[in-house]
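Quick heads-up: structures coming right below.
Common to both upcoming complexes is chain A, partnered first by chain B, then by chain C.
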Partner chain A sequence: MTTDIAKENPEAAAAPPPGAAPVPKPLYGHRRLLTRRDRVTLGLMATLPTILHIALVWVTALASVALAFTTWDGIGFDSIHWVGLQNFKELFEQNPQFWPAVQHNVIWFVVLIVIPTPLGLFLAVQLDKKIRFSRVYQTAFFLPVVLSMAVIGFVWQLVYNPDTGLINSIIGANEPGKYIDWIGDPDLNLWAVLVAASWRHTGYMMILYLAGLKGVDPSLREASAIDGAGEWQTFKNVVFPALRPTNTIVLVVTIIEALRAFDLVYVFNGGAEGTELLSILVTSNIIGESSRIGYGSAIAVVLLLISLVVIIPYLVSTFRKERRA
Partner chain B sequence: MHRTPSGLTLPSPSRRTLLRGIGGAAVLGAGIPLLSACGGSGAAADPKTVTLGSKASDPVPKKAFADIYAAYKKKSGITVDVNTKDSNTFQEQINSYLQGTPDDVFTWFAGYRMQFFAAKGLATPIDDVWQKIGGNFPEAMQKLSKGEDGKYYFVPLYTYPWAVFYRKSVFEEKGYEVPTTWDDFVALCKQMQKDKLVPIAFGDKDAWPALGTFDQINFRKNGYDFHVDLMAGKASWTDAKVRAAFDLWAEILPYHQEGAVGRTWQDAAQTLASKKAGMYLMGTFVGQQFTNPDDLEDLDFFAFPEIDPAYGQDTVEAPTDGFMMSKSPKNKAEAVKLLEFLGTTEAEDIYLKADPSVVHAATGADTSSYTPLQKKAYEMISGAKSLTQFMDRDSRPDFTSTVMQPALQKFIRDPKGVDSLLSSIERQKKTIFASS
Partner chain C sequence: MSTIAVRRRAPIRPGRVLLHVVLATMALAWLAPLAWAIYAALRPYAETSEKGYVSLPDTLNLDNFTDAFTQSDMTHYFVNTLVIAVPAVLLTLFLSSMVAFYVSRFDFRVNLALLLVFTAGNLLPQQVIITPLYRMYLLVDLPGITMSGKLYDSALGLVLIHVAFQSGFCAFVLSNYMKMLPHELTEAALVDGASVWRLYWQITLPLCRPAMAALATLLSIWIYNDFFWALVLISTGENMPITSALNNLSGQYFTDPNLVAAGALLTAIPTLIVYFLLQRQFVSGLTLGANKG
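Showing the complex of A and B:
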């Protein structure tokens, strides 16, 4: 994107800093400013990223769509065999992990939007009141966002470890008869992981909302205070509607988080029963010594389609707004 | 400040230099990795060097291997240029590694995993090497080193058996006897439970330990040949024989440690080390978890008990690691000589001096420095009629990792659903084994 701007408007990059003495504008247009070499360089700067983008994004995406209709063990191109819809048929009808995975991705989204998102908003509103030590709280809640998901997975594993973990040690649930298997029990493990995911997501949402709240015009609040509105009424009728753009971002971010959920679970228990996710199924089929690249691609295509269903309406509405503006 | 002919002031010494710099960097940055990724035509091979790709990234085996190569250099003047990768990464990338520009020789596993790459033409047959080293190995090892086409592709270095581990002091104190039959084994489990011990320690979080339990029960119940057919995708998982193996497993499942799917094998080993558990089915590498030397001294094992007298205890699960030669080695003559050396007892002795958790693959090895556990392991392997390699080395890895691992995790939590589980395994197996 930056290269496009530079190409269209090269003097923007070369403009003198605002404080400098006014310089007489050149009499002739900026076109002659570009020597042949400049044009070649700029051309390269535009084409190279384009080529890389096409090669690394579009070609690979389309190739994996094509591979979804084949079987391939990844060894030599002559071992690619066309199988039509076989992979999808097998996926929908025979794979015992597929439907649970779809379901868990949906649960992941619902939980993130229902629990940590309002919580993040609540924290942001509290911190926005400029209470004492607000920076400290802000840092504390935001800290999990700084950690990588893999690290969070390791940390929560220590908490959930059924034999030596914090929870079971405290409540004495690591003895025969009262055993709670947080990581292995399919009725528990998804919720256990989601607590960890929410722990991080809350901080993320808090920062987004905090930024959104800073953008709310203070005069609106003043006006509503003068009109005699209480705190809750101000929030409900004035502040929250003003956060509309932030809410859109939050929704998109949360959907993306739910679709790309992977690292936390991969570290936690490798996507064992109860925590299957589409992204983990893709990985476990494609990575390995003799991989099922066709089959893994078919799962990736399903994930892609789900993502498109979510992203296209968002893009359409965003572009519509931009055109209006 | 620079002044351009047009009179415009430029903020920087030269915008053009800057642009050129960025453009150049982009070209270089994009070009170099692409070139090096495609380039197989490097410099001509150095006749005094053999390259070797190694997955031995843990400190103990890494040093043990390095000792072998140092000894070889002293002996022959040939340098072994080792390219070590993290072992998991090595395994995951083996596919593209062997298709790209692999090293002359690489470390790998015996069994189906070796045969798979041999059949794909990604390894060189080494019958000439085996003419020299053949006499060093027992028949079971020779069988393990052959591809499906009957040619040799593999030089074994070390091996280790799977067995049932226990603490000698616990057995002495409670008066337990080593069970040799299934009924004795079940009776012992019952007794241990009465004595407030966890009869069988179990941790299947990494999903592979359960594969080992199935292997033991299946080849004891149905014999080596059926086990091999089942692993090769020839026998059916819905066969009554397989069902019978799972029924036996379901019989002892209540004596396994609770919550296995959430526990790593290392944590399960700790319950044996702390004498909370009575027995533990694992490979001999479990000894690495016994950090206290006295505990290690107290550790012992017995072969998985007999189930069907027709098969007795004649099959031993003994994963074997060693070397293969890549499809077109740059320095083939020297690679052959290196493999000949690696197939000698001398090379194995050097390895075992630095890593005593495994045993020789060769016969006639120097066992004088063996620990009692190693001696026992060695006898168990050399006395075996047939050796298996562990399910994920005896079968297609894509089948074991995507189908069997989750299926067995499901079984150990819900053994009642075995029928639908087995038919699901069979359906998935058919498509996977049919795919190539």
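Showing the complex of A and C:
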């Protein structure tokens, strides 16, 4: 896959001369040679997986959109009632958890992009220098990515527990009257969860950047060194611009992670005051006491719309490149 | 390559030493939460509640691990996870490689649209689709096929959603991979009269082995670690996979953090083993999809 990155290098990606004839497409697979049986086989190969994917992912996404304009207790189909925008109105104007949830999702993204992402880039650049023990460091930083979010939640609870946790025990806040309730205090808990989320995200970003750095043409760096550029200047003017495709991926991954954030908060405190998230609000309409399908779907639609703002431009740019290739 | 010459002349560079100090400190900080969990899990509850957690140990033993394992019937939940993860990984790879083959080796008009549908589907947050999916699973009656008689609360239901959701990512990665294979290979076989299925099964798939191995590692860890789908789509404690079962069990053990720590660590062991054995595959799997973009 390194060739893909090489294509992105400023030099290599020199635009084709205007007016140049488009490269003729190769005749893929000689379709004329396909027998009737081949066509049936091919048709099945494509349709079976597609039906499963569309039925479970896209039909449900569209059903979410449709149900968002209804009320439904989930029991029988005849209890579905069309209510127009009422769910959204109630959500925006009356639900005390909605706007905090939106805000927390935004904070989640901002924190991930501002702290663990540059940290991951920093680590990747250092470990890319082929220093000793590079493998050991890499494993240490990457270990959290292998753990499930639920396990991460349990591990960090041991750190944050007011009575028995590592932090309070060290700073002497584990006695009555001095408690710092990292998980219970609505002013603190979001940040406490975000430390755990960042702990994981750093390793993830490090790996993505390490792969990106492997694709940066070494001759570019050499040329820059010969020209007398320092390490920082080379990074700023040569390496970082060449990492553009990786940066795009990192941005998309981080936004999606921020929108999907769920497990960690669920294990920590179930999304109580201070850590509300859109994903938690959707889910609490299913596994909580109240089964308000329409209302839950309305929250899901908000989540869907925010995701599409990211997904569509990303896909457009990716597939435009694909077409050109 | 001038740096090599420099290094030879001056074996100890202050910059390098500083870098190692920084990296080692950070690495230790990164391992600290896990080390803390291990330390807590190795100590008996009676001792830590008396002496506090930040204290030197009198006893270190594996009792919490054996207790967590036996008291919570972990074998049962590990088996539940296996029953979900193994078919899910295999089916995902099988189905997504067929789609990838279709879109990357032939120039049908629907190819781009098809690939778009799969890729975009995988980028959606799971919570966007969960509400109707949950109702749908309750509606599908499967008497005699699943224990619950429905798609809901069954391993089959979890396998299906994992396959449907993850095949988006895999189809995208595999189609990129297949596009790099030379077309002459399959064309020659096609001219010789080989069937399409043969082109896929005997020529294309074997060439995709590295990508398939990477994806298999990645999928195993992802599906094993799944918490969300199981939380919503499984209601009976008995049927839960290990990660969501642990959440259930921790409620019963909340008075003994040491035991919870041991349970959480036990849950993590299979993924850690997979990671240490197949590190290369796992990492390349993560970046296979990412480098293209």
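In the analysis below, the second predicted complex is superposed on the first by the 276 of 325 C-alpha atoms of A that agree within 3 Å, B and C clash if a C-alpha of one lies under 4 Å from a C-alpha of the other, contacts with A are read in each partner's own complex, and residues count from 1 in each chain.
Heads up, the rule we're going with is that a residue touches a chain if its C-beta (ideal position, glycine included) is under 8 Å from a C-beta of that chain, and two chains touch if they have at least 3 such contacts.
Every value quoted in this text rests on a predicted model; they were computed, and no experiment measured them.
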Requested in this report: Name the chain, either chain B or chain C, that contacts more residues of chain A.
Outcome: C
Query raised in the report: Which partner does A:63 reach: the first (chain B), the second (chain C), both, or neither?
Result: second
Query raised in the report: When the two structures are overlaid on chain A, which partner does A:73 contact: first (chain B), second (chain C), both, or neither?
Result: first
Report task. Identify the partner contact of A:52: answer first if only chain B is touched, second if only chain C is, both if each is, neither if none is. Result -> both
Query raised in the report: Thinking of the overlay built on chain A, is A:107 touched by chain B (first), by chain C (second), by both, or by neither?
Result: neither
Report task. Based on the superposed arrangement, let me know which partner A:167 touches: chain B (first), chain C (second), both, or neither? Result -> neither
Query raised in the report: After lining up the shared chain so the two structures overlap, which partner does A:182 touch, if you call chain B first and chain C second: first, second, both or neither?
Result: first
Query raised in the report: Is A:251 touching the first partner chain B, the second partner chain C, both, or neither of them?
Result: neither
Query raised in the report: Looking at the overlay, does A:229 come into contact with chain B only (first), chain C only (second), both, or neither?
Result: neither
Report task. Classify the contacts of A:216 with the two partner chains as first (chain B alone), second (chain C alone), both, or neither. Result -> neither
Report task. Identify the overlap between the chain B-contacting and the chain C-contacting residues of chain A. Result -> 26, 28, 33, 35, 37-38, 41-42, 45, 48-49, 52, 74, 161, 164, 285, 287
Query - Footprint of chain A on chain C - complex, ascending - result: 1-2, 16, 19-20, 23-24, 26-28, 30-34, 36-37, 40, 48, 52-54, 95-96, 98-99, 101-103, 105-107, 110, 112, 114-121, 123-136, 138, 160-161, 163-165, 167-168, 171, 176, 179, 183, 186-187, 190-191, 195-197, 200, 221, 224-228, 231-232, 243-244, 246-247, 250, 257, 260-261, 263-265, 267-268, 271-272, 274-275, 279, 282-283, 286-288, 290-293
Report summary line: In the complex, the residues of chain B that touch chain A are 4, 6-11, 15-16, 19-20, 22-23, 26-27, 30, 91-92, 94-96, 99, 113, 116, 120, 122, 198, 204-207, 258-263, 267, 271, 396-398, 401-402, 406-407, 409-410, 413, 424, 427-428, 431-432, 435-436
Query raised in the report: Along chain A, where are the residues that touch chain C in the complex?
Result: 1-2, 4-5, 25-31, 33-35, 37-38, 41-42, 45-46, 48-50, 52-61, 63-64, 67, 74, 123, 126-127, 131-133, 136-137, 139-144, 146-151, 154-159, 161, 164-166, 169-170, 174, 196, 199, 202-204, 207-208, 211-212, 215, 222, 225, 245-246, 248-249, 252-253, 256, 259-260, 262-263, 266-267, 278-279, 282-283, 285-287, 293, 296-297, 300-301, 303-304, 307, 310-311, 314-315, 317-319, 321-323, 325
Report task. Write out the stretch or stretches of chain A touching chain B in their complex. Result -> 11, 13-14, 16-17, 20, 23-24, 26, 28, 32-33, 35, 37-38, 41-42, 44-45, 48-49, 52, 71, 73-76, 79, 81, 86, 90, 94-97, 160-164, 176, 179-186, 189, 269-270, 272-273, 284-285, 287-292, 294-295
